[in-house]
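In the two complexes below, chain A is the common chain; its partner is chain B in one and chain C in the other.
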Partner chain A sequence: MELYVAALGFGLISVSVIAIAAVGFTMQFGITNMINLAYGEVMIVCAYVAFYVNRAGVNVWAAMIAAALAGAVLSFLLNRFLYAPFQRKGTNLIGMVIISLAASLILANILLPIVGYDTSSYQVDQGPLLRWNGLVLTTAQIAIIVVAVLLMLAIHGLLRYTRLGKAMRATAANPILARNCGIPTQRVIDMVWLLTGALCGVAGVVAGMNSENFAVASGAAYLITIIAAAVLGGAGQPYGAMIGALIIGIVTELSAAAIAPEYKEVVAFTILVLVMVLRPQGLLAKRGALAAAG
Partner chain B sequence: MNSYYAATLAVYAAVDIIACIALNLQFGVSGIVNFSFIVFQSIGAYTAAVLSMPPDTANGAYQVYIGGFQLPFPIPWIGGAIAGGLLAIPVGLVVLRKLRSDYQAISLLVLSVIANSVIMNARTFLNGAAGIAQVPGPFSDQVDPLSQTYQLLYVGLTIPCVLLVWLVASRIVNSPFGRSLRAMREHEVAATAIGKNPVQLKMTIFIVGGVIAGLSGAILVGYIAVWAPSEWLYPETIILFAAVIVGGRGNNVGAMLGALLVPVGFFEVTRLIPATIGGWVPPPNLIPAMEWVAIGLLIIGFLWFRPEGVRPEPRRVFGGAPVPEDLVSAGSS
Partner chain C sequence: MNKTQPSVRHHLNRPGLICSVALVLLAACGGTSSTGGGLGSGPLLVGVLAPFSGADASFGPRYLAGCYAAALSINGAGGIGGRQVSCQSFDTKGEPADAVPAANSMIAGNSNLMGVVGCTSDEASTVVPILDRSHIPMTCMTGQSEFNKTSFKYFHRLVPPDSFDAYAMIGSALFGPGHAPYTNVALVFGDDIGSQTFVGPAVAALTKLGVKIAINQAIKLGASSYRTEVAKLLLTKPDVILTETIGSAGTYMSEVKQQNGGHVIPFIGTSATIDPVWFKQVSTAIGLTDFLANYQAVDLKLTLSGSGYDEFKTQLTAADAKFSGSNALTYQGKSPTVHLYDGIIMTALAMVAAKSADPTVYNPKIFDIANGVAGATVVSTFKDGVTALNAGQSIRYVGAAGENNFNQWNNSQQGYNLVTMDKSGNEVVLGSLSESQTQQIIDAGGSA
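Here is the complex of A and B:
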């Protein structure tokens, strides 16, 4: 039993990491109609930015801000100079998926000669252990959870209570109508990429902190968990991604305790397959995967 | 260039051509973005390997795998092809029935990554990350595999497969069935409206592609004698996609050309890069990494500047039904 309580603790941190990443991923898809398969690699690039800042003697939490900035800029540029031109050209959804995969390949292999094949890890002051009914977490882990909760609340506030959030929701629902109503959709989309890019950067760092070490090759594993969470919740739905992250995070960590940690991603994948067979539109979405392409 | 090298190149080219034709049937002709293509090639390779190898207790049991049937030549290749087709059935049933095309693509990508990680971690199934080694090739018990004769023999066994696959693929593309596939690719709703069943069409071509992919894996493993998870990471599928996009989507000649230009071409070009450039020794991982960057740029570049590829799909124009004589004369008078 104790094993499972401890696993639940790990699960909470996983949930935090996945939620930050999946909300960014799903917002890119929901608002700009772009399944950005380079997301995992952007996370890794940001993780390495924070790694070098951290190694230069800066606190990892400050390095996280550098990573968020790097993620924002990189995602913005990726959209401005790669995705948006292709979308304007009228490339179909499939073409866009292939392009983002190619972008992911390019990012990973530019990064590889720079940082090498070896795994890296942050120097984190884990702080004193906190115990509560068998749940054991370090202060740094609690901090990750707090960061995630704050970010989720910020996203919620942004989407519900600000003009920008309203404009984002309008753009997601119908970009042409939104533009005709006087919403500067181009600027809204730029803001989406900056914000989700920052989320992606933070996600890269917390993922790196959570998994002892990381390497260029970790991008694919990150991406799969993110896709599972986003699809489970209903792709394009930020709240769905949060619920998806909650389920995937807890279930994978419990399964790691019950079966074996190597099969965490397999469990995430099994959930994904079940969702696709039983409820392809996801838990929250009204249209999602079933909607006509376009 | 010695004959061993020529034979190696010929076998690789044949395998890539077969694979690209299969991917072209799925992606180019039918619009199914099979990002787990390499998994189908891989199951063919593993199946052929365990069908042709002795039980794993042989050779001091240094590797662990299921099966080990020591079956003679055509059976491993046929088995590999069948395995590819069989795998396509459950995968297709989950992925192709309800999902939107871009969801299909990401699900298949996820499948590719997961399948690799499962095989890598399940050590007792197919020897895990180390992979299977010493796979005997066809007739290797009768002809010395290191001899020049054997190299020629292998090329001789491979070429008929290429021709067979080519024949089947052209028949499919030019048949009414191929027309239905293209109709589905262009406009699924319209194709459904005129009575085509898109799920059935997709499933059929997915299985056909799986069979051909399995065969390509079986041919490859017989020649290189090893198969490990590092051989079939998901970027390997992207190379084949690059080949089909460069060659020309929907055109079998294009797919063949793409196979020769991209995988084979890159293999050749890398050989020409000198170990030192003006006294500067590039780090060992730089060149392979730059190759991948080049593959990515190639895809993006072609999709931007020439999305139809080097050899575009031929425009198939319906000439119109024959007009009765009397109508023609009535029109001219």
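Here is the complex of A and C:
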């Protein structure tokens, strides 16, 4: 029993990391209709930005802000100078996916000669340990959970209660109609890339902290789980991505406790497939903040 | 058929004929010759077919370092019949599916390929047949037992199979210095092909020797955390962890320390863990003091002295300038770097001895160069080897790693040292397994 309590607690950290990343990823898709496979590599670029800031003697939590800024700028530039021109030319969704895959490879191969093959890790004061029934968490891990909760609340507040959030929802529902109604959709889309890029940056740092170390290759590994959470919750749905992260994070840890560790992803992805069979649109499709009414 | 003949004649008019002859002459002058008798002309290439990205990305650079050093040694002595040797990396990403196109494009794009090094356990099963079919001599770092008695004639291995690494780790746990024999052993290996090769032999030997296996975990390499796996491991109270979790050991061991009240459980790594990247990752994750106090590993017995090793070290130092990323010199005592260096030098000497750039002719000579024939002159460098061969002598190459002894399946090995690392990540030999100790474990686990 102790093991399952611990697994549940450990799952919360995984949930936090996945949720921050998956919400940014799914918002990019929901509002800009872009499945951005370079998301994992942008996370890693930001993780390295924070790494160098941290290595210069800055606290990792402050370095996280630098990573968020880097993520915002990099994502904005990626869209403005790579994705948007192709979208304007009418490139279809599959074509855009391939372009984002190319962007991912380009980013990884630019990064590799700069940071090398080695893994890197942050200088983090883990703080005192919290122990409860086999569950052992550091203060830093609890802080990651708190950061995730705060960011999720902020996203909720943004989408529900701000003009920008409402404009985002309108753009996601029908960009042409939104533009005809006077919503500056291009500016909204720019803001989406900046905000989701910042989330991506924060996600890169918390993922690096969670793993203790990271390398250029980590981006691809992160991306699989992020996409799974986003699809499970309903592509384009931020609340769905939160629920998807919750299910995947908890199920993987519980299955590692109950079965064997090598099957933990098998169990999580089996659930994903089952959900897709029973509800192809995902758990929260047409119910989330970004979906069209109805 | 008849209808095409006038057309052919039409194309072979006078200007066309002149152009054709000119092209043939140009090809003869500027191209590379690699078949038939003679050493031919033009540059030669050694392909480093290995992971340069992915979870095992640290493997490729250490192989490339060995290749650079070998190329400098060969070129400094005038090349192979005047032909200069260079090295090129071909990234398999550590995945069989990526390794096949990498191998195919390497072969298709390089007719001057004299040999290949690398081919780790990650991709050997898929690339060795391809290389063998193409008659390309290879020196592989795979530890898979399927190559213990292989029919691939172009395959060479200067390291023992991974099963023997597993036996050496058990030897370290039972007979190693600085600790009482461990009695409750945890096995924590990656779920990839390469890592899992160790598990079967280790389980067999431990079971037969009556040593309790606390837990046998196959963990997903590259996962973001292993907290639940570690919680499960700690419930079994192991007194030692045998491991090869390349790329993920830092994460795993730091979680062991965190959940075990700040105490690290002693851990014994395979020879692949004696690596600067692995050292940095794990020592950073758990702290240098804990790393030094708890880490041991097994490594192949290397001589690391003598004129062969001196030449290797000199050339590795010279190669350092062209080595981006990690410092090439950090690999100077590393088995893969030294062994693959020797593999390339032996291939080059085999070409000189056979006086041929045709691999079907020089490949069998690699065996003779390694093992020597009766009355062979012992040489330790490419230069000395060429001098002796030119003087009409037969040679035996005793290189940077010491003697090589190929069996009938082109497998060569030299036994094991028990090692650790110092605070700078340099390997420190603690002792070695005696023949009887090694035999006891091999008998328990099986040698197939």
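Just so it is clear, the second predicted complex is superposed on the first by the 272 of 294 C-alpha atoms of A that agree within 3 Å, B and C clash if a C-alpha of one lies under 4 Å from a C-alpha of the other, contacts with A are read in each partner's own complex, and residues count from 1 in each chain.
By definition in this document, contacts are C-beta pairs under 8 Å (C-beta built on N, C-alpha and C of every residue); 3 or more make two chains touch, one makes a residue touch a chain.
Since the model is a prediction, treat every value here as computed from it, not as a measurement.
K.L.:
Tell me which partner A:198 touches in the superposition: chain B (first), chain C (second), both or neither.
P.N.:
Touch partners of A:198: none, neither chain B nor chain C.
K.L.:
Contact-wise, after the overlay, does A:17 reach chain B, chain C, both or neither (first, second, both, neither)?
P.N.:
The answer is second: A:17 touches chain C but not chain B.
K.L.:
Does the superposition put A:212 against chain B (first), chain C (second), both, or neither?
P.N.:
Only chain C is touched by A:212; chain B is not.
K.L.:
What is the contact status of A:265 with respect to chain B (first) and chain C (second): first, second, both, or neither?
P.N.:
Both partners, chain B and chain C.
K.L.:
Check whether A:70 is in contact with chain B, with chain C, with both or with neither, and answer first, second, both or neither.
P.N.:
neither
K.L.:
Which holds for A:183: it touches chain B only (first), chain C only (second), both, or neither?
P.N.:
Neither partner.
K.L.:
Return first, second, both or neither, reflecting whether A:112 touches chain B, chain C, both chains, or no partner chain.
P.N.:
After superposing on A, A:112 lies in contact with both chain B and chain C.
K.L.:
Tell me which partner A:221 touches in the superposition: chain B (first), chain C (second), both or neither.
P.N.:
Both partners, chain B and chain C.
K.L.:
Contact-wise, after the overlay, does A:248 reach chain B, chain C, both or neither (first, second, both, neither)?
P.N.:
Touch status of A:248: no partner.
K.L.:
Once the complexes are superposed, what residues of chain A are shared between the chain B interface and the chain C interface?
P.N.:
108, 112-113, 116-117, 221, 260, 262, 265
K.L.:
Per the contact definition, I'd like the list of chain B residues that touch chain A in the complex.
P.N.:
31, 33, 35, 94-95, 98-103, 105-107, 109-111, 113-114, 117-118, 121, 189, 234-235, 238, 241, 245, 283, 285-286, 289-290, 292-293, 295-297, 299-300, 303-304, 307
K.L.:
Write out the stretch or stretches of chain A touching chain B in their complex.
P.N.:
35, 37, 82, 85-86, 89, 91, 93-99, 101-103, 105-106, 108-110, 112-113, 116-117, 220-221, 223-224, 227-228, 231, 235, 260, 262-263, 265-266, 269, 272-273, 276-277, 280, 289-293
K.L.:
Which chain C residues qualify as touching chain A in the complex?
P.N.:
Of all residues in chain C, those touching chain A are 52-55, 57-58, 60-61, 191, 217-220, 222-229, 231-232, 235, 247, 250-251, 254-255, 258-259, 277, 280-281, 284-285, 324-326.
K.L.:
Inside the complex, what are the residues of chain A that reach chain C?
P.N.:
2-3, 6-7, 10-11, 13-14, 17, 108, 112-113, 116-119, 121, 126, 129, 134, 136, 138, 207, 210-213, 215-218, 221-222, 225, 253-254, 256-257, 260-262, 264-265
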